[in-house]
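Each chain gets a letter, A, B, C and D, in the order it is written, and its residues are counted from 1.
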Amino acid sequence: MQDEAILRRLKGVRQQTLHLCEGLQPEDFGLQAAEFTSPLKWHLAHTTWFFETFVLTPYLNDYRSSHPEFQRIFNSYYQTLGQPLSRAQRHLQARPTLEEVWRYRTDILDTLQNAISMDGLSPEALNLVSLGTHHEQQHQELMLTDLKYCWSFSPLPPGMPQATRSGPIRQEPLEWQPLPEGVWEVGHDGNGFAFDNEGPRHRTYLAGGNLASRPVTNREYLAFMDDGGYETPALWLSDGWTTVQNHGWRSPLYWFLKDDQWWVYTLHGCQPLDPDAPVCHVSAYEAHAYATWCGARLPTEAEWETAAPDPGPDQGPVNGDWHPRPGGDAWYGAVWQWTASAYQPYPGFRPAGGAVGEYNGKFMCNQLTLRGSSCATPAGHTRRTYRNFFYPGDRWQFTGIRLAQDKE
Amino acid sequence: MQDEAILRRLKGVRQQTLHLCEGLQPEDFGLQAAEFTSPLKWHLAHTTWFFETFVLTPYLNDYRSSHPEFQRIFNSYYQTLGQPLSRAQRHLQARPTLEEVWRYRTDILDTLQNAISMDGLSPEALNLVSLGTHHEQQHQELMLTDLKYCWSFSPLPPGMPQATRSGPIRQEPLEWQPLPEGVWEVGHDGNGFAFDNEGPRHRTYLAGGNLASRPVTNREYLAFMDDGGYETPALWLSDGWTTVQNHGWRSPLYWFLKDDQWWVYTLHGCQPLDPDAPVCHVSAYEAHAYATWCGARLPTEAEWETAAPDPGPDQGPVNGDWHPRPGGDAWYGAVWQWTASAYQPYPGFRPAGGAVGEYNGKFMCNQLTLRGSSCATPAGHTRRTYRNFFYPGDRWQFTGIRLAQDKE
Amino acid sequence: MQDEAILRRLKGVRQQTLHLCEGLQPEDFGLQAAEFTSPLKWHLAHTTWFFETFVLTPYLNDYRSSHPEFQRIFNSYYQTLGQPLSRAQRHLQARPTLEEVWRYRTDILDTLQNAISMDGLSPEALNLVSLGTHHEQQHQELMLTDLKYCWSFSPLPPGMPQATRSGPIRQEPLEWQPLPEGVWEVGHDGNGFAFDNEGPRHRTYLAGGNLASRPVTNREYLAFMDDGGYETPALWLSDGWTTVQNHGWRSPLYWFLKDDQWWVYTLHGCQPLDPDAPVCHVSAYEAHAYATWCGARLPTEAEWETAAPDPGPDQGPVNGDWHPRPGGDAWYGAVWQWTASAYQPYPGFRPAGGAVGEYNGKFMCNQLTLRGSSCATPAGHTRRTYRNFFYPGDRWQFTGIRLAQDKE
Amino acid sequence: MQDEAILRRLKGVRQQTLHLCEGLQPEDFGLQAAEFTSPLKWHLAHTTWFFETFVLTPYLNDYRSSHPEFQRIFNSYYQTLGQPLSRAQRHLQARPTLEEVWRYRTDILDTLQNAISMDGLSPEALNLVSLGTHHEQQHQELMLTDLKYCWSFSPLPPGMPQATRSGPIRQEPLEWQPLPEGVWEVGHDGNGFAFDNEGPRHRTYLAGGNLASRPVTNREYLAFMDDGGYETPALWLSDGWTTVQNHGWRSPLYWFLKDDQWWVYTLHGCQPLDPDAPVCHVSAYEAHAYATWCGARLPTEAEWETAAPDPGPDQGPVNGDWHPRPGGDAWYGAVWQWTASAYQPYPGFRPAGGAVGEYNGKFMCNQLTLRGSSCATPAGHTRRTYRNFFYPGDRWQFTGIRLAQDKE
């Protein structure tokens, strides 16, 4: 990619982060309801810290950080750069203030833009700028899911204004797409940007089977609930059943009953459940139990990648409508789809050297991959080979279910 | 007290709360580092809620709350008024915003002032207004101690500007004041305002002994530390030793070593330890262990009350200097002094009826009383009969040590 | 006490410990259901360790322990003698075996008896032998309460055979005994054995009032339960209400409903609740809430001691009937009675020097005193001045309620 | 397999369980140091319960259990058969006594033997008998690892007598065995016994690489430790590093330093570390970090199975020597070898119907597979296709490390 294209991407992504924060109140930037969420202020600073630490400091001559202490504070998992603060206590970072963080963002962006447009940066550095924009896009989705989670604890739950859309559309009936047996190639081929964990491209053997043509809907999931799904241990993985018992789960996250009707909390406030929308905010345990109840199973990530189409060039969310709707694209833009595959390195995977090499490899344990993208995934951040990953019990992402079947 | 005096007190106390918040940043109002602290925003709203709930709603004709949901949100321990929110999650109250809380404060104060000056309030209601001002003063001290505790977690710890004072003064040598044996009267006699827990006035038998003329200093406490005080189990109460081990305590709260020198974190930032200042931020366990190490003991609250002078009329802190200093008054205005007395009802104590009666009585278990007042106690909130109370392991208040001895 | 009397007491107490273990199974000696209970094997060894550590080792010339490692293993709270093992993991002491512990008991007793009868022991040492027998008696009661607690977790709960008694007797109606105001003397006067915490005898001022003539019965407590006692926060101390919510308490410990009838688990198996028996296995929180519901209060320990008669010389439990019955003595032998008094040192209290001085003093925080004795208290271990003490939330002892009232 | 062969296997396995318990003390049967271990008494009963529940009850006409309550008590993960007891509280099952459990074992075995030899059992039932013997063999290994874990907490750690062996042997140098790229078949083919999770046999694509010829030794692992392995976060998976920090791991389990020498606690007591023996009692996190430090990786289970030889017919442990030794078989009988593969169903896997179908499938999440067998695996329980599985942080099994490399 040329300098100009990178510069344009950089500006666009940074602008989109600002856009997401419009209309928020000062208190919204400090909320942290769980160790797995971070305050928005932290996201804003951390995505800036990334550019300073991996681009400006190593590649810009005579670069002197004006906030060397941010190095330590806004680090996340990069353990080689020093012990980060306890993740659960990020909400206690009273300083720098939000105002100082906004200034930090502007300063670093200015320096970076100058460095690219005037002085020139090495191709290696430009690649890291590009990586930084994709990193910030990941955090854009996290900002929305973290904020939603935190807001849901507020006794007076806030909501953003919602973009209007054409009226509700009924979901298509579910069909089964056959997947032939044989050796297939999966993984990113190195053309264009991809995260390191998407490669190397490699051969894999698929036993064959069928994939569902679209995600499971709320209506379908309600049938599982009505049939006692949450009370039937035989449907669940052992760790899943323990989790259901420990947390008292009886429905997906954000669902609640009001006058015998199901409602959901959304980023746009509380709304009646739309039975035709894809079921969302389920853990992999729930996805597995639902699939078992159906006599089906979850697809492997190789199956998913083999069956899925490439996303369209403009694939992305409807800005300002952060809630999955019925009738959209069957693969991208509504809900991430849990796979049955543990998140593990592809054959021949080698993490990059140095701290940036910790990016993905070190999480390759105890998590499952998810494929597709969600209503909160930024435009231009969707790929067929994209490997998202979360713990099987996580529910605060926009996560749903696609079914698979063995070959008869 | 007449209407006018109450009105003056009400205005003065509300004004002082505003004064405490001057210069703070938006993020400072949302911090909550532990279940035992509350965000400043909550304190601001809760002290307002008190007036609305106990004065306006029951005593003002046709009063209609414009925020009926605040009833539930800003309740604290008044269990009879409905299940309060989990205390530890107050920092997740994203709404109402700080701005809305400031408006709430203004609205309620306006209504209250009008009610007092124009319409008149019954003596019973005026007494509750008076109680509300003392309640708010209690929270003024908590606002400072909570903020200090939360700020201390920030990797870049903030500080307020500090009022200048005349230079350091050496503490007086410790002397022992005799306390004769016999039947004494203690407790509030009902003239002027007092909390319900300060009465009824009653007789008690004192075995006699001696009380120290001033609190223990940092220099004296360092001698205990240097002598292995924190490593000698025989000096400690059993629960105290467990607490020391569990938390790894090796000094009072907020102390830290830098280049082999002791420093303390204060509301005005980090400062070198002043050896002549009263030792502060110790638990009752540490106070007990120190006293045992000295061959002394802590006084009972009856001994303290019998020996102490009445506070002067202007007794109060030096505004803007929220840190105990050497050479001040020996009884009030520097550090609260732990007593050996469990916080229990005086003989004949009867809590008031209704929710306001939960004010103090329900805490009469597992806590110890403290006497005197601290550098953070508001002016006009100090009485000889005042019974402060905290759990023996609490350290985030401005708590220190006064010694006592048995009669020879 | 002369040598012979001490020798007789020693033999009797040790014999009674054996007697308590008759009919138990090997697994009963290793059970530990909570940190606050200890396995019987540990009790058997610890009470023997006491004699070895405080009598044989310091006072017997040339005494060589044949198990020096027991010093460390069977220590309890005596922190000055080295870090004891984690209390909660005593059930993991696979060695020494029960058989070795029995042998240890025999060996130490033989040595001790020889030392007393043949060689002679100093009066100081004999006092410690005497203390050791009272210490063992304390553990006899704990052995029964710990075993009961552990057994109650067994899916097939065991029971001991029960001594027969004459049929059920109806409780006397509750009467109020007046208690005059004035200065009274309480505490042990030093004649005969007492624990250090029972003295010194001292004056105290009582405001006067009335004490109930007998403990509260199950029938009376059921009325409190039926009136929503466990669902009414205003009746409870704040820490009590938290405890009720956290543990889901809805009745005293060991109660359960079967076919709409209340049953209790006893050391003799499950039995229907006897409405006329004293209510038992309640915490101080429940005792306080019950008293508040009645418009009464709990007595102070000084009130109790002033009002109570001395126990008869043979006061003790009916061996083999470890369950409180209706119609017994109104002060001793059925249930310990919670007082409102925090467990604190009497004026002038000085703990003995050395490790044995840790005996009682270090627990004088966060606990309440109980007076009287229970159906599990050994004969000869009852005194009017006896101060038992537990945390207000403890329920596994045989603890009940006596009411008090203020003077009109 | 014919009736006679099954009968012989049944007798042999049951006899071996008795053999393992020889010389143990009564207290050894009740120990439970963690939720993941069970008391020996429970293992003895549970392996008997299996035969009663899955063979006698459904297949024997007129069979009446003499202990119907054991159904509930000795159930483990079979949630469809009713809520099992809390796993962590199995040590509180005071009844049935050990003696009663021995009798239960004898009774069920007698009934079973009679049923097989005299009355005949259907082939389906005989298959379940066979499954029961393999199930009991799994528990034989767990009995040893659980006992070792519990004993290690005892302040006086016990040990079994150890069978003598020929003197220490130096390990062979490590060599790399090539593994060709291509489509391979793995999984059990259905001839002879296998657990359901070992099949179906299926094709898989291997990228090729090299496998180490033998497990990693203590000497090699010590080099990793000496090089700061436990202090270098970049070597660790994220969850692994968290685990290391939380538990303070600085060496494999059971290692301790004495006079600057490494010792290990073994089932035969404490012994100096043998540098030539395979490293044992490491978690998958440690195995991964070690491999990363070497520039290697862990093998996938398909790689392992493709490279490994079949075990010899008599493959099994040296009875009475439950500790890995140098110089043994390079694949079986010393330590289980962690693989990089998440424990997941093979393509086309279908769990059996009913409760017995919960056997393996429900654990297929969050665990990793291990291959080979250990010094504690019973003779006749070893297969090339055997899939053992544990959580990556588990260390109490006899678990070690085999390295793999990508193709150059």
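The rule we apply is simple: contacts are C-beta pairs under 8 Å (C-beta built on N, C-alpha and C of every residue); 3 or more make two chains touch, one makes a residue touch a chain.
Predicted, not measured: the structure shown is a model, and the values here were computed from it.
Listed by label, the chains that touch subunit B and also subunit C number zero. With each centre defined as the average position of its C-alpha atoms, the distance from subunit B to subunit D rounds to 58 Å. Subunit A and subunit B have Cα centroids lying 46 Å from one another.
We define each chain's centre as the mean of its Cα atoms; on that basis subunit A and subunit D are separated by 37 Å.
For subunit D, the set of residues that touch two or more other chains is empty.
Contacts between chains close into a ring here, every chain touching precisely two others. Subunit D meets subunit C in the complex at residues 25-31, 33, 41, 69, 72-73, 85, 89, 91-99, 150-151, 153-158. Here subunit C touches subunit B in the complex through residues 77, 79-80, 183, 202-205, 207, 233-234, 236-241, 284-285, 288, 340-342, 344-345, 347-348, 358, 362-366, 392, 406-407, going by the rule given at the top.
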